[in-house]
Each structure stands twice: as structure tokens, then as C-alpha cells.
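The structures considered in this document are given below.
In the two complexes that follow, subunit A is the common piece, with subunit B as its partner first and subunit C second.
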Partner chain A sequence: MQAALSLAADGLKPVIVERSGAVGGKLRDWHRLFPTMTPAQEVLEEMAGRLEHAGVEVMLHTEVEGIGSKGVTLAEGKTLDAAAVIVASGFDIFDARLKEEYGYHVYDNVYTTVDIERMLNKGHVALHDGSAPRRIAFVHCVGSRDEKVNQRHCSKVCCITGVKQAMEMRELFPEAEIYNFYMDIRMFGPGYEELYQQAQQESGINFIRGRVSEASPTIDGRIQIKAEDTLVGRPMKMTVDMLVLIVGMKAAGGNERLAASCKGVTLAPSGFVAPKDMFAGSVETGAPGVFTAGAATAPKTIGESIAEGAMAAEKVVEYLKKAK
Partner chain B sequence: MNAVNFGYMISVARGIDLDRNDLTSARELGDEMPEFRACIACGGCTATCTAGNLTSFNFRMVQTLVRRGEYAGAYREMNKCMLCGKCRLVCPRGINTRGVVMLIKRKLGDY
Partner chain C sequence: MENLTFYHGFVVPFVVGTSVLFAVIFYKYVRWFTRLPRRDRQKVRRGIFSFATVRAVWECFTECLLHRRIWRVNPLLGYMHTSFALGWFLLIVVGWLETTAYLGGRFVPLQGHIFFKFFTTGLEHGPRWGIDFEAVMDLLLLYVLSGLALALFKRIRSRALGMRRTTRLTFGDRVALGSLWFIFPMRLLAESITSGLFGSGGFLTGSLGGLLAPVATQGLELAAWWGYSIALGVFFVAMPFSRYMHIFTEVPLIFLRRWGLRSEVREKSFDHFQIEACSRCGLCLDPCQMQRDAGLEQVQSVYFVRDRRYNRLTRRVADTCMMCGRCEERCPVGLELNTLRLNSRHALRNTPANDRYAYARNRDTSSGGGRTGYFAGCMTLLSPRILKAMESIFAAVGEEVWWADRSGGVCCGRPLKLSGEVDAAREMMKINAEMFSKQEITTLVTSCPICLKVFREDYVLPGIEVVHHSEYIERLLGEGRIGLTPGTERFTYHDPCELGRGCGIYKPPREIVRRVGTLVEPAETGREAMCCGSSIAGNGLDKNAVGKMGVAVGRAFEQTGAGSVVTACPLCKKAIARNTSLPVADIAEIVERHLVPAK
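This part shows the complex of A and B:
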């Protein structure tokens, strides 16, 4: 969205090709954004409003097949002429069912962070039977930093998401015990470390360093989890009412199709689109005229994705001037 | 009467069972001194600890165990502290570590 806005501001005619029925991507499902707790809807409405005001053409429900020499190939064999392309196709959410040991879609009260965002948006967070949880555990790094599911990379935003949601749970359930099981806590952004400390100190969230090895049902329908409390070197177990899996970002399924269709576009071992280089060419690909913005190349925050949109637009303008 | 010696013993489970541990005291300690909860387990306190260099005292470990409801021996361990305060000087989270020692000694004397 930002890339299109920047291009339109430069007097060019961008077209957004969107697979779903609305622009905004995953942001449409999010409730509040870390670390400021800004409503996601606020950011979305502002961006969408600016798009409309700028008169940017949006093609909804349109699938991209690939990028050819003449432009973008669409699903029905149509071609959209384009002098340059910005790939802003984002990421897929890790399918938590693949971590079978956590029992997602097996036990009733195992949720993902995405489920929690949707529940928060609906204004009703509760257990399967409608009751309030007394004990909640969050599991960090589900589908991140895990060779067992072929996701070796760190998804980077999940740590702060886990902290944010734990604090939201504290607001909703003041009496509940809340535990976050982590391998490392990576608070890379401005205000993140401060939010983490606030979660510990003011919200009383218990952070336990250790990866949950398995979840099993108890006779009363709760969930028993096991981990090592690595800070004291002893195994630990506990029963919880609600288990929240903090799912990571997976490379978008369409990346392979993109790389196959477009000469020069390559993928990193993680499956994300490989940038031309990691520094000055971070929004360029190996294909001239094909640029990237946002989580197509790696897990990113919303702020970072928006910044990359503006940057990619600038690179497009530069590219078009040279091409003339 | 002496117990019959069968020549073997049953090992006590050494795991931390948060369903059995009474977390009330841990919660009260945190409520009284919220910064007690802010530890990030860097180990700076233990690295610099005068007592820890001469005895098996590990301040970081003991206060972590207390937060998990493992109070046994905490009071005895904290008595190894000489209250020199070096740990407080190095703590990156600015926790009044000496205050934590005193708090544990005051509240967990029964364990």
C-alpha cells in the first residue's frame, strides 16, 4: 500500500494486484499493535483512506501467476503490462498443527496467537466452554528456530507479540497466572524491551526459559505441559487451562512460483525471496525491474514493511529514469 | 523402630511441579517488591558475588527458585550473603538485589 502511495505521489500509475477481497493483508486480522497498543484498524483505515484519495487502482480477487518479460501474468492467462513490479506478497503463518506435540486442533483449549488476535477483535476471549482461564501458558518459537519443521529462521516479531498478548490477557483476566516459555527473548525494536520489563514487573507475567516439549490432556480436560526450567536446571511441569502457541512467519507459498516464472529472482534457503544484497540493495532482486517490500524477503514488522514500501517505490523511480 | 532396609531407595522426583507448589508467598514477595519479578537471569549478580566466590551461594538461582515456589533452603542460602551490595551495582535491570535478600530472609524464614 505504501509503495503504491509513494509511486502515485511521484506521478506514476501504480496498480495493486490483490489476491483476497481487500487490501491490508494480515493486518486486517490483528487487534492492537505492539509496542504502543495502537488499534490495527486505525493504521489500516488511514492507509486505505490515503489509497482511495490518491485514486490508486486496486484489482481485488486477482491471483498472480508469475512475472514475465512483458509484465505480470494473472490467473486467467491475462497479462498486466508493467514497467516495474514490486513484490509485496508478505508471508504465510506457520501451521501449528505440524507441531503435533502441542496438540493444536487436537485439544480444545490450544490456540495460536492469530486465534487470540481474532478473539480479541470479536471482544470475547474465553475457553472452549465459554469460561475464563485461570492459568494461561504461551509457547514462544512455534514454527521458528526449529529444524524439525524446516523453519530455521527467527520470525523476530513473535517475542514481542507474546509479551503483548500476555499483557492483554492480564487486562482481561486480572486473577489468572500467566507463563511465557521462551528459548531466548529478542526485543529488537524501540520500546520492546521496556514493554517486556513492564510485562514482568507490572503485569506479573512469569517468563520461564525452556522450550515446552509436549502438551497432554488431563482427565479434567485441562492441558499438562512439560519443559525444563533451564535457569535452574530442573524439569518442570504444570497444568494450564489455555495454551497459546506463538506461531512464526513462514515464507509465502507463492514465492517458489514467482522464482520459477521470473529469471533472476532467487530464494533464500528459508524460502523467502533473496534480496540483491542485504544492505544497499535490500529491496531489489536479481531481476531488473523487480523489487520487493515487506515480509516477502524476511519476517518484518508493520513499520518496517511500510518503510520498505516507500524505499521500493524510490528504487522503481530510479530504475525507470535509467531505463528511459 | 528403624525402617526396614531393602537395599534400595526410591528417588524423589526433582522436577518443579507448579500444580503442587504453593505460589502464594512468591506472589506476595512480587507484590511487595515488583522489581523482584524483573530479573532477566543475566547472572551478573552471581558473577560478582563475594559470597558466591567462596561458597556455593548462587543468588540468581535461589531467587529464581523462590519465584517458582521452591522455597526450601532459600532462607539458609540467603544467610550466606554478606550484604556487600556489589550485585546491586551490576544489575542491568536496576533491581535492589540486597533488598531482595532481606525480603526473602524476612518472608521465608520458615522454610
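This part shows the complex of A and C:
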């Protein structure tokens, strides 16, 4: 969206091709954004408003097949003539069912962070039977930094998401015990570390360093998790009412189609689109005229994605000038 | 006839080479035989006068000479090997007959047989015993030469003979191979020149001799015979140190195997017979997924056996293998490649167990009771859908079940065994076996083929039959204790290595799948099925390689056009699921979905 806004501001005529029924991507599912707890809706509305004001053309419910020499190939076989393309197709959410040992879609009361955001948006967070959880455990790095599911990369935003959601749970369930099971806590952004401190000191969230190995049901319908507390050096078992899997970012399934259709675009081993280089060319690809913005190239925060949108637009302008 | 002598200076290289060959082989075999453990020697004593010996003789004929197993894999390659083995063998046998036919029963030294044509130019030519020996010998020589032409062609273009890759040669191999290439062309040349000079020879040597007659001199003749003798001598000296050692070693191997000798988890003298019987033909290379899909080289069975033979085996080579058994299926010599790899790992890695697993003793957390026991195994516990499905199936037939490890148990021991830690594995096995035998169970069901394999192979469980859950379910169906609703879904089935090649279970899972839908087989299936890539034996593999192999496996299933993948191993299930967009389920889950309890 930001890329389109910047292009429009430069007097160009951008077109947004969107697969779903509305722009905004996954932001539309989120409740509040870390680290400031800003409502996601607020950001979304502001961006969408500016888009409308700028009169940017948006093609909804339109799937992209690939990028050819003449422009963007659309699903119905049509070709959208374009002088340059910015790929802002984002990421997929890791399918937690692949970590079968955590029991997602096997036992009740195992959720993902995406489920929690949706429940928060609906204003009703509760267990399967409608009751309030008394003990909640968050599991970090589900589908991130995990060779067993072919996801070696760090998804970056999950640590802070776990901290944020744990604090939101605290607001909703003041009496509950809340645990975070982690390998490392990576608080890279401004205000993140402070939020982490706050979660421990003010919200009373317990952080246990150790990966959860498996979850199994108990006779009374709760969930028993096995983990190792690596700071104490002991294996441990804990019975919880609610298990939240902090799912990672997976490279978008469409990336392969993109790389196959467009000569010059290559993928990193992780499946994300490989940028031309990591520094000055971070929004360019190996194909002239094809640029990227956001999580198409790697896991990114919303702020970073917006910044990249502006940068990609600038690169497009530069590219078009040269092409003339 | 009396004045025939069988000596000339040029025979020296041949005589020396032959002497060295037999001395070395004698030394090796005596050493290996005398070092056989007592129980192996007992087996030899018991087997030697049994029918097994007759069968071994027959197998020597079909394998060492005819190479039937290679023919089955690749007819062109089969022809090449047979032409060398059978052709050369017949040249020797018919050559001996020829000598006898011409000279009667008189003693002829070895070189007299070999260089018969040179020493017997003074004899009257023509058929003996009604056989035109010269023509027969020429025919045999031509047969060998045709194989040689194929061999030369294979060195240049291996693909033409149906092999994508051939083995790289060691120094001994190069010397032996080089001299081998010269032997038969030199023989042809020498015999032809002699034929040209004396107007003898069959259709081949005679006519070539006729062509060479204008330029043939005695000097040239001697040079050719010298060349032939040197080629033979060099080949024989290099032979016991090269891959051609297999020519002889396969014979004692066949006998010992027929008498019941097998390799074990610990290295022993019998292994030498297997290792030196490897001809390094390289047929094991093409089925190897590590090579084909992950580009890993110099670790395949042929290289492993080579490195072990020359005492330069490293842990990297020993550990980089999934022990899927695809190469073992192809091996024309029938080597126990997995067991050999296993006992190498043991030799390189085993550390005494001491009290490492003392904590695991007396930790019986089993529950329930009854005649049927269920052992989930760690991978099933990490795949709770399978466990849930088994619970439903047991409930549907009203089976009283003793749950061995539903709340956590002790490892079956196979992962430790496969890594070479045999002593530690024995600890685990002891703990489990003791726990099983305390129960009243007569049947132990497991849904993990890895556990199944080790239960059947290493556990002594009197009165307890261990079955895979696919076998158990098939029995329930057979007895009419459960029914399945038929469906229209198209399934493809993945044979887990430990279940298929490991335990020989191919049919039961397929029978079950056919009851609930249509079964479409992947391109490689059954005994040749692909490994999922996640084998617990592959602890030396890096994750990149595992990933590449996984992608290839996922693609193979997608190409079948099936709507979903069914397998019968929790580890395979996980491995396939992360590499395909198709749904992947265990056979038990499919059964649960279609379950109709019998009335």
C-alpha cells in the first residue's frame, strides 16, 4: 500500500493487484500491534484512507500467475501491462498441524497466535467449553528455527508477539498463570525489550527457557506439556488449560511460481525471494524492473514493510528514468 | 610328440604372477577361515555335508559364471559380466580338454595349457574327438572380446549401459583393469601371428593370421607372446589387491552363506568374505537417494566397502547413510551392506553403557491390562493422531489393551543400535523386554516399524508375538471384527524402509487402503520404494541433504495424481508431510475415518 502511495505521489499510475477481497493483508486479522498496543484497525484505516484519497486503482479478487516480459500475467490469462512491478505478496503462516506433537487440531484448547488475534478481535477469548483458562502456556518458535519442519530461519516477530499476547491474556485473566517457553528471546526493536521487562515485572508472566517437546491430553481434558527447563537443567511436565503456539512466518507458496515465471528472480534456501543484495539493493531482485517490499524477502514487522514500500517506489522511479 | 617342451623365457611373468596370486589368496583365506568365531566354524562343519552345499555349487554356477542377478537388473551389463566370467572360464576348461585331446593323459605344466598354441605348432592340426577345438576356442575368445568391447564402451559412456554412474577406481584397480584390457587382444594377436606363421588356427585366429602372414616374423610372434604373458602376470599380481579379488572370493562367500553364516552387529572374520567379494560394479550407486537427490558422493555402499577394505574408513563415510536398504536390494553379490555398515559404526563409535541409563530402570508407567499390548514408540507419541486412531480401533473391537508407553516409556533401542552404540541399545532392550515379560500379553502391537524391526530382530520375547498395527488391523478385518466403509478417494502408499525392506511387510497396508479407496503406486515402490529421507540411521547427514531428498520424495507422490499419501510409519509421515501439499496420514487414521464396528 505504501509503495502505491509513494508512486502516486510521484505522479505515476500504480495498480494494486490483490488476491483477497480487501487490501491490508494479514493486518486485517490482527488485533493490537506491538510494542505500543496500537489497534491494527487504526493503521489499516489510515493507509486505506490515503489510498482512496490518492485514487489508486485496486483490482480485488485477482490472482497473479506470474511476471512475464510484457507485464503481470493474471489468473484469467489476461496480462496487465506494467513498466515495473513491486512484489508485496508477504508470507504464509506456518501450518501448526505439521508439528503434530503439539496437538493442534488434535486436542481442544490448542491454539495458534493467529487464532488468539481473531478471538481478541471478536472480543471473546475462552476455552473450548467457554470457560476461562487458569493456566496458559505459550510455545515460541513453532515453525521457526526448526529443521524438523524445514524452517531454519528465525521469524523475528514471534518473540515480541508472544510477549504482547501474554500481556493481553493477563489483562483478560488476572488470576491465570501464564508461561512462555522459549529458546531465546530476541527483542530487536525499539521498545521491545522494555515491553519484555514489563511483562515479567508488572504482568507477572513466567518465562521458561526450554523448548516444549510434546503435548498430550489428560483425563480431565487438559493438556500436559513436556519440556526441559534448560536454566535449571531438568525435564519438566506441566498441565495447562490453554496452549498457544506462536507460529512463524513461512515463505509464501506463490514465491516458487514467481521465480519460475520471471527470469532473474531467485529464491533463498528458505523459500523467500532473494534480494539483489542485502544492503543498497535490498528491494531489488535479479530481474530488472521487478522490486520487492515487505515479507516477500524475509520476515519483517509492519513498520519495516511500510518503510520498504517507500523505498521500492523510489527505486521504481529511478528505474523508469533510466529506462527512458 | 615326445620332444614337446613347455618352457620359454616369456612364460616367466605368467608363472610368477600366478604364484603370487595363489600365495596371496591362500594366505588370506586361511587367515579368515581360522579367525572365524567358534559358532561360525560349527555352522561350517554342520553345513558342509548337507544339501546346502549342493545349492551353493548351483549358486556359484548361476551367479559367479552366469551373473543371473545382474542380468535381472540390466541385461547389457549382465552380458558383459557373463562374457568375461563364463567366457574365460570356458576358455580354461575347453583349453584343458583341447590339451588332453591332443596330448592324451600326459602331464602338461600350467603354462603349457595357457600357451598351448605356441608350444604345439609341430602338432598335426584338425579336429580331435570329433571336435574342431580351434574353432571352439576362437568362438570363446570372440565371446570374451565382445564383452571387452562393451566394457571399453562403458568406461567412455556408462549411460549407454544403463548406468548413470560408475565407480571411481583405486590404484590397484587401474593396474588390474589396464592389464585385463590387454590380456585378450594380446592373446588374439599372439595366436593369430602363430597361426599365420604355421598355417593353423580357427576361423578367427586363422583368418587374422592369414592377413598378418605377409608381415609376420618370429620376432613379432615372440613379442606378442611376451605381451600376453606380461598382461596375465601383471593382472594376477594386482588381482588380490584390486576389486577383481571378487572373482575368487564370491565362491567361498556363497558356500559360507549357504551354510548359514551372517554378519552381525559386531565385526567378525566372515565380514572379510563379504567385503572382498564386492566387485565395485557400482550398481548400488544409482538407487542411492543421497547421490541422486542430494548430490552426496563417495559415501555410498561401494565406497564404504572399499574404504573399509583398505583400512581407511572414516566416521563420516560410515555415518553418512540412511540404511534404507535400496542398494542392498540391487547388490548382485547379495552383500549385507546394512549390517556391515552397522558393525563399522559399532567399531568406530561404541562406548560402554556402564550406568548411563540406570535412571530408565524401574520406571514402568504402563497402564491397563489384557492379552494385547500396545507399544506406541516415541515417534507415535509425537504423532498423536495415530495414537488416537489406534485408541478408536481398540475401542471399536472392545480389545482390552495393556498400554506399554502411553504416558512415556523407554526407547526401543533401535536408534542407539543404528548409531553403533550397541551396548547402550542392549540396556534399553533389557529394560523393555523385562517389562513386556511381566505382562500377560500374547500379542504386542506397535505402530512404529522402527520398534517393530528391533523387537523382531533383537528381543527374545517367548510367548509374545510382535505385530505391526497394519497386520493387526488386517487381522481384525479378516476376522470380521471391524468393517470399513468403501470410498472413492485416491491414495498413494509409501513403504517405510523399516517395514518393507526391513520386515518384509508390503501387503497388509495395501489391502487396507484398497478397502477404503483406490491405490495408486508411486514410480518406485515395494522393494524399491524411496526412503522418506528422515531415517534415524542417517545421523551423519546434514539437514540440507535431508531437505533435498525430502523434496524429491514429496514430488514423487505428487506425480502419482493421488489425493493423499498414506504411510505406516510415524517418522515417514512427518517427513513426507513437510515436503508436500498433499494430506499425509497413517494407515490407522484412514481406518479410523472409515471404521464400522462389527455388530
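Simple rule for what comes next: the second predicted complex is superposed on the first by the 324 of 324 C-alpha atoms of A that agree within 3 Å, B and C clash if a C-alpha of one lies under 4 Å from a C-alpha of the other, contacts with A are read in each partner's own complex, and residues count from 1 in each chain.
The rule is simple: a contact is a pair of C-beta atoms (placed from the backbone, for glycine too) under 8 Å apart; a residue touches a chain by one contact, two chains touch by 3 or more.
Keep in mind the model is a prediction, meaning the values are calculated, not measured.
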* Fit or clash - subunit C, subunit B, common subunit A -> fit
* **Contacts of A:Met236 with subunit B and subunit C, given as first, second, both or neither** => first
* Identify the partner contact of A:Tyr319: answer first if only subunit B is touched, second if only subunit C is, both if each is, neither if none is. => neither
* Asked: Taking the superposition as given, does A:Ser216 touch the first partner, subunit B, the second, subunit C, both, or neither?
  -> second
* State whether A:Gly103 touches subunit B only (first), subunit C only (second), both chains, or neither. => second
* With the two complexes superposed on chain A, say which partner A:Glu177 touches: subunit B (first), subunit C (second), both, or neither. => first
* Asked: Regarding the shared-chain residue A:Arg152, is it in contact with subunit B (first), subunit C (second), both, or neither?
  -> second
* Asked: Smallest separation in Å between any Cα of subunit B and any Cα of subunit C in the superposed model?
  -> 7
* To do: Indicate the residue numbers of subunit A shared between its subunit B interface and its subunit C interface, in ascending order.
  => none
* Asked: For the complex, which residues does subunit C have touching subunit A?
  -> 381-385, 388, 407-408, 543-544, 547, 550, 574, 577-579, 581
* To do: Mind listing the subunit A positions that touch subunit C in their complex?
  => 98, 100-101, 103, 106-107, 147-150, 152, 213-216, 226, 253, 269
* **Footprint of subunit A on subunit B - complex, ascending** => 14-19, 23, 27, 30, 34-35, 37-41, 60-61, 64-65, 67-68, 70, 93
* In their complex, what parts of subunit A are in touch with subunit B? -> 177, 185, 197, 200-202, 204, 206, 209, 229, 231-232, 234-239
